[in-house]
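Chain nomenclature is as follows: A, B and C, assigned in order of appearance, with residue numbering initiated at 1 for each chain independently.
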Amino acid sequence: MNREQTNENMLAVRNLKVVFPMAHGVIRAVEGVDLDIKKGESVALVGESGCGKSVTSKSLMKLLDTPPALMRVDDITLDGESLKDYSEKKMQDIRGRHMSMIFQDAMTSLNPVMTCGRQIDEMYMRHQGMDKKEARKHTIRALELVGVPEPKSRARNFPHELSGGMRQRVLLAMAFACMPKLIIADEPTTALDVTIQAQVLDVLRDMQRTHGVSLLLITHDLSVVSNIAETVYVMYSGKIVEKAPMKELFRTPYHPYSEGLLKSVPKLSDEGKQFVQIPGSVPHPMKKPSGCYFHPRCPYATEECRQSMPPLEKRGEDRLVRCFHPLKHDAKEAKTA
Amino acid sequence: MKKSYIVKRILYSVFIFFVVLTLNFFIPRIGVDDPAERYYPPQGNMSDAEYEIIKELTREQYGFDVSTPRQYLNYLSDLFLEGNMGTSFRSGSPAVTDLIIDRLPWTLVLSVSTLLLGLIVGILIGVVAAMKRGRWQDTMLLNASTIMVALPAFFIALVFSFFLGFEAELFPAYTNPDMVSDFSWSLDSLRMVAYNAALPVISMAFGSIIGYAQGTRNAVIAVTGEDFILTARSKGLKPNAIRYKHTLRNAMLPIVTSLGMSISGLIGGQVVIEQIFNWHGMGTLFLEANNTNDYPLMMGIMLLLSAFTIVAILVTDLIYVLLDPRVTVGEKR
Amino acid sequence: MTDKKLPIQQRMLTFLKKRAIGTGRFFKRIWAHPKGKIGLTVVSLLVIVAVFAPWIAPYDPYDVADRTTKGLTPSLQHPLGTTINTGVDIFSMLIYGTRISLIVGVTAGVCIAFVGAILGVMAGYIGGFADNLIMRTVDVLLVIPSLPLVIVLTNVLGRDYWIIIFIFVALGWGGLSRNIRSLVLVIKNSNYVKAAELAGASRWRIMTKHILPGTSHLLIMSTALGSAGIMVAEAGLSFLGLGDPTRISWGRMLAEAQGGGALLFGHWWWIIAPGIGIFLAVFSFMRIGIVMEEVLNPRMKQSTGIHKIFKTLSGDYINEVFDSMEETEQPTTSERSAAKA
């Protein structure tokens, strides 16, 4: 709201709100989120489960169903094109072509009764008007690019016949098939083993960098963030609480929640140190506390925090924080950390 | 892997058939020392000596004069080597096989058209209801199904036969016997069969239409909530492509399973419907046999109906295997 | 219950036992549901009618002396007329018909639940040979068309109504025990059963105290749905003239109507009346079963609920919700620091 929208932005979202009316009240999943992603940039949206990050990602592609969801937004622009008033039909041409998505669990995100190749073929057939044969050629190339060995025969396999890592690569190949402007990856590696996780992340990062695609990475896992993202948005209970370049956030988090998240990541250098957890849990989206949503869990909370919601304010170059009492870091500490 | 599953499945069906066959052999022997007593129960005005003679004759005629295991083997060899299911009690002692073969096509006409009508219309309605979820089309299906499941098919048949047959005279309330006696493969003849079959088929299909519609609706809605449908939407596929290539293909799986399960009930229920419309099928033949205690005929029909069900379930299982690449050995069932 | 000195497994067991046995409030839950209310009301009405049939029915349909002119049309004396062939009051037959339908349906339904539960739990919990034997029997039962088999068995065993009940039970437990078995397989691997095993509970105790209560929801649901199914089957059997020949049942009334010329003479009420009887009985039992299913499977209920909520949502309310999330003019940093100072 308070920032200029520059034309180097690939994606700009202004004041996104999503609610779910229920029998016993309204779930406020997303409460006025702004996002900016530059061309070729990779941005992470971080938060615990239930903070509204997945809902945000789906609503960017207008994939939420009404009912049950109701969405309102001041503006969504993709590469200067405003999607706000696009009809479902027009969105269908955007999805997959200009904006595509990688989901968390490749096992359930792939159609179990269709071969993997066929599911990627569909992208080329739909968006580039290819016939089956031509599409398959491209599919095989796409699978090769994401590091699937023997792509020709893998394409003929059904999802259940592949390993978890291979399945996730199929999803990557699918998302990159038409070289979209923006890829939204919703917890792309959470369902995988740690070693496979790293491999898939490498592929994702390489693909994103070499093809200059913008990436929005949704995750709860800060180690994933440090691998890929350049800018990080921290989300808590439907609101952005902090935005910062990745390195700065890791060095000098301003919001107590960001600090808590960082502390709860075990590091090799931490040997012997206490492993810290944020006490409590994300508030129920129907019963959010008054004032700052984080105050019941915040060690620094004051009366002011209990009373009113702090605004999201600029603090330093390219950084935003939503806190009355942002953490202070002296220069020395910032350097050594 | 798939092949061995199919082979196993077929062998298992054969095993089940043998169990049914054995049951079939023993049912008339329940509760009596001598099957002849079952076949020819003692009559009130008969002296013991007379009855002994009659039993002796019955034993000889139906091969009960050997030991029970021997009888069982004879039963099997007759059935498999000669296709002989025994001799009916009817005058002239016709072979059960011949009696059944005479009725078989007429029964199949009803069953197959009911099944097709029920499936096609039911699936169509179900898909529409799922698409219009929560709107009046869906609510109507829900209300119709709550009422229909409580109405037995034979009652619907009676009501149809009364209102559409007797009162409105749209369709014959009883089957015209000429349909069978004058049958030839001419257009007129086929039209007559369709005309006579209309009420029985509609009254049987009524319930199954609603049943399949409700099942399809639930399956489609369940699949619509799956992650891969979201993936398909995120790919920008057109709604029709998603519906036919992704949703329906997956929603067919539970429908195929329930189809196999429902066939046994459909075949059994047809007995009553055939009776109401006096249809020249196996159902009426079965009831006639029951009324005359014609055990060879009854058990022959039972065996055939069971064989039909076994084959139908086997076929639906194999269709399932074709539709779902995930099925491997032992995964289903 | 909160005795901290008990070992943890023991405490867990008492807790779970309490929860599992908390099914006593079942009727309350069914009653709380609008569909369940209809079902329970109609079922209780039918029970009252069945029990007090001799007082409710104006004539005794079993009494040969209590017959009048044949083929009367409905009037005050005979609300549904009399039969064309025998001159029996149809309304009284309808009242008495409730008895056989309910007795056969409920008795068979309960017995099936009993047999199905025992065999299902045995198959699921003991496994091995017992499992194989029981499940193969189920496969056989499910492929033999049931109505013809019932007919053959009544021919062999007799047509007394308790024999008919026995046959229905003997043939009807297959589907239920298969469902129970798969549920038991889930429960068997759950942590609380494992805890009970660790605590040294005997197999028998685990089966009766832990596994069986876990299936109680499914059992009550199947009893209701099963009873409804048996009522349809019984009506079909008597309609074919193969039910208990000494009892008046709705199916037999339909058969008499068809055979006695109701169709020819246009006495449609003679056909509709027993049909409505069957419908009400089957419908009400199914309602109860379906409500049970919804209680078991709340996801089904919620999905239709959301559409209802959306229909009643007012635009104003939604605007209010969205506006409440708007970040109103924030005090700027300088203002705040001023306030602080």
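Quick note on the criterion: a contact is a pair of C-beta atoms (placed from the backbone, for glycine too) under 8 Å apart; a residue touches a chain by one contact, two chains touch by 3 or more.
Source: prediction; values computed, not measured.
Taking the mean of each chain's C-alpha atoms, the chain whose centre lies closest to the overall C-alpha mean is C.
Look at the CA centroids: the one farthest from the centroid of chain A belongs to B. Taking each chain's centre as the average of its CA atoms, chain A and chain B sit 54 Å apart. Averaged C-alpha coordinates give centres for chain B and chain C that are 25 Å from one another. With centres set at the average Cα position, the gap from chain A to chain C is 48 Å. Counting partner chains per residue, chain A shows two or more touched chains at residues 67. Shown for chain B are the residues that touch two or more other chains, namely 134. The multi-chain contact residues of chain C, meaning those touching 2 or more other chains, are 306-307, 310.
Put simply, chain C touches chain A in their complex at residues 305-307, 309-310, 313, 318, 321-322, 325-327, 330-331, 333, 336.
Looking at the complex, you find that chain A touches chain C at residues 1, 17, 19, 21-23, 26, 28, 31-32, 66-68, 70, 72, 309, 311-313, 324. Contact residues of chain A toward chain B in the complex are 58, 61, 63, 67, 91-97, 100-101, 103, 105, 108-114, 119, 122-123, 126-127, 158, 160-161, 171, 174.
Within the complex, the chain C residues that touch chain B are 136, 139-140, 142-149, 151-153, 155-157, 228, 232, 235-236, 239-240, 242, 254, 257-258, 262-264, 266, 268, 271-272, 275, 278-279, 282-283, 286-287, 290, 303-304, 306-308, 310-311. The part of chain B that touches chain A in the complex is made up of residues 134, 226-228, 230-239, 241, 245-246, 249-250, 253, 323-326.
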